[in-house]
Amino acid sequence: MESDNKNIGWSTSEMAQKVAMDIYDGAYVNLGIGIPEMVAGFIPEGREVIYHTENGLLGMGHVAEIGGEDPELVNAGKKYVTAIPGAAYFHHADSFAMIRGGHIDICVLGAYQVSEEGDLANWSTGNPNDIPAVGGAMDLVAGVKTIFVITKHTTKTGESKIVKQCTYPLTGKNVVSRIYTNYAIIDVRDKQLYVRELAPGVSFEFLQKHTEATLNQ
Amino acid sequence: MESDNKNIGWSTSEMAQKVAMDIYDGAYVNLGIGIPEMVAGFIPEGREVIYHTENGLLGMGHVAEIGGEDPELVNAGKKYVTAIPGAAYFHHADSFAMIRGGHIDICVLGAYQVSEEGDLANWSTGNPNDIPAVGGAMDLVAGVKTIFVITKHTTKTGESKIVKQCTYPLTGKNVVSRIYTNYAIIDVRDKQLYVRELAPGVSFEFLQKHTEATLNQ
Amino acid sequence: MINKIVNSAKEAVAGIFDGATVMISGFGEAGSPVELIHALVDQGAKDLTVVSNNAGSGHVGLAALIENRQVKKILCSFPRTAISVVFPELYRAGEIELELVPQGTLAERIRAGGAGVPAFYSPTTVNTPLAEGKEIREFNGRQYVMEEAIHADFALVKCSAADKYGNLIYNKTARNFGPVMCMAAKTTIVQAKQVVELGSIDPEHVVTPGIFVHRVVEISNPADESKLVAENVKYHGIRQ
Amino acid sequence: MINKIVNSAKEAVAGIFDGATVMISGFGEAGSPVELIHALVDQGAKDLTVVSNNAGSGHVGLAALIENRQVKKILCSFPRTAISVVFPELYRAGEIELELVPQGTLAERIRAGGAGVPAFYSPTTVNTPLAEGKEIREFNGRQYVMEEAIHADFALVKCSAADKYGNLIYNKTARNFGPVMCMAAKTTIVQAKQVVELGSIDPEHVVTPGIFVHRVVEISNPADESKLVAENVKYHGIRQ
């Protein structure tokens, strides 16, 4: 496939902003490490969202200011963070009870691959030289009510990340609700993909051409 | 069988005192409702014992003084109690994690029947007119390291409570370690009963005569 | 914006439907949400399945709910108390069902419901009549019984203080089943002795994080249920 | 009389034997009991199975224990960090075993170990390679995997304050695995930033009740592990 066209589609910030628009007032949200963390910066005015970080904090605030870092107050990505008034600390089993028990409303995660049926692969490329590491990803996709994926539409080498079948080891099967890429927002419904919104300059045909999976309009 | 001879053996207080003698310094102890509660009054000087009450308190103190009762500070028998310095409150799942997880050292319970093999029946007489109620008894016998039973040797009608096989519904199988009655202290070892101590005026023959189960000297 | 505080017990119990499963906190009178239960008596939902450690005392609280014939079935560990009169009468008359569950199993099954664990193994009840019909399985040479999670549509819970996010703290042994019940219900309804400002509960001291709580009503002078029972007060609901 | 306070980290880790299973608290550097781990490096017990969320960073703490070839196997959710060098090298050389466990499953398996639950069912890992070889079972139309409890001979845990009964409180997100690890070990060894008088921890605020704790040592100025890692400090033990 041809490589990513840099001139069309959304920037990473715009993608994060699109995700933020879909996070409703009062939602309990867990943001994955990396690009998903950017979403918090774009929540529209007037919406109150409570962030859960699986290492034991509900009511995570912004990243700690320089000089205000506490090595015992970190998020799941081990960044120094803060806690808002009304926050709560708890231990790991209680934290994952929130996740597994279906109490978290939305989780935003990155992806290596998402399949037509909403399968997600985001923890291992299957490369035997990599050290296997899973963290909380499998717990999140199994437990959180709604899983949003935010990812570049294609890999650096131009391959589609939205595939018929994941070739990388799965994080979870039939777990993704919506995919936000630089080209489009795509819903997963009844094990099929429906394009919800196209980025400026992206046509359905262009999108399908850059997508291995079958898309519906 | 002939009825209980009131003139020989230990009083209930003496039985409780005998149990107390076997509670070692530093033990975490759960006392059942009723006569077992008396044991706390007889712990020898110099021994520090921490009492667990399954409704969510470790470090239970004495019964509340008149006027000092707090309806939200009760023990498993719903008596108003106090908490010692160094106490901790917790919820029911954590409380029974202590029990089921084998963290409580000793539990002292009453009994309807104890069998030769250490089976305990103490929650139901099987009478269909009784309202069935089990509370925490089955959890305690399944989880606590050492189960002591304190009970009159015979029923009001003179029947042995230490039996070959329990006829009442079981609380647990092979769970009792030691039985304290008004006539004797009896160990359960390898599914057999061994007399450990006889009350004043009680001979082994007298004891066996009042005991359905086979006793070993 | 997030504000879980409602203005009355009536508002708090709104929407509890006929046939719902309702968890009710408390160990005997300690921690029993009397005002919420009485609001449910007034509200009138029936054919309820109630999950609670006991089956009520006297003629108030859970006993009043049972006496008002709103409860079809109860799951509890100890329905018999010195002053329980309502449940025993209906039970003997075959007018209320009972599922007897050991106290620790009850607590753990509720926690499992809240923690997304559908079933677990427990040593409790093995070789007793309460294990009948349940799967027995051996781990490391010991037998265990499989116990399934308990979920509820609603939980009625009493706590000492709450904030508008629904963070809760409790008082002494009135904590008991509250925290696990908050976790296991679709809609958790709490009566708090005090509603406090956001941030006044130290995040280290929160017992129930707000994520588990949906509605909070301040009942600043809750009735002492044990006193009501001792005084033989009867609650018949505001409609009678 | 009950007094769980010991005088040194060395005394605290005494008796940890070759082949023991050792749980180590911490999420990355937060909550990692560095001084206790270094005392264990000094003590020298080997062939250890370690249960910890990560596999250490830099050349201190858990990484130093691994580098000193005391660890045969590790159970963790995330052995790979930006600055983990020791584990990856030994793992690629086939000199250390890894059991990869999802973070929530790890926490729940440890809690199960402490709570007397030999196994439970979880939706996590179903249809993934990490469920391979595990029992799958359906409840209410959904598939779950059976997970077994994890127990340990010892737990090394860091907390913020402790009293002589072993009651513990923690600091912020350094709490993480501490409370469940305290429950699941035969001997729980704790380093506290402060040892306080009995009664100075409010019974409502205790996070780990003393029953789960066996030895406490005060380390009033614990190293900031993240700083040691950043400065590339290497801990080789006092014998070298």
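Letters are used for the chains, namely A, B, C and D, taken in the order the chains are written, and counting of residues starts over at 1 for each.
The rule is simple: a residue touches a chain if its C-beta (ideal position, glycine included) is under 8 Å from a C-beta of that chain, and two chains touch if they have at least 3 such contacts.
Nothing here was measured: the structure is a model prediction, and the numbers come from that model.
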Both-way neighbours, i.e. chains that touch chain D and touch chain A: C
Whole-Å gap separating chain A and chain C, where each centre is the average of the chain's CA atoms: 37
Length of the line joining the C-alpha centres of chain A and chain B, rounded to whole Å: 56
Residue numbers of chain D (touch at least two other chains): 108, 111, 115-117, 122-123, 170-172, 203-204, 207
Where chain A touches two or more other chains, by residue: 57, 83, 89-90, 93, 96-97, 99-100, 142-143
Touch-based graph of the chains, sorted into line, ring, star, complete or other: other
Chain pairs in mutual contact under the definition given at the outset: A-C, A-D, B-C, B-D, C-D
Interface residues, chain D side, partner chain C - complex: 108, 112, 115-123, 139-140, 142, 144, 148, 169-172, 203-205, 207
Chain A partner contacts - residues on chain D that touch it in the complex: 27-31, 53, 77-81, 87-88, 91-92, 98, 100-108, 110-111, 122-130, 170-180, 207, 224-227
Residue ranges of chain C touching chain A (in the complex, touch as defined): 1-2, 111, 113-117, 163-165, 167, 183, 198-199, 201, 203-204, 206, 209-212
Residues on chain B engaged by chain D in the complex (per definition of touch): 25-26, 28, 46, 48, 50, 52, 57-59, 83, 85-90, 93-94, 96-104, 142-143
Chain C contact footprint on chain B (complex, rising order): 53-57, 70-75, 78, 83, 89-93, 95-97, 99-100, 124, 129-139, 142-143, 169-173
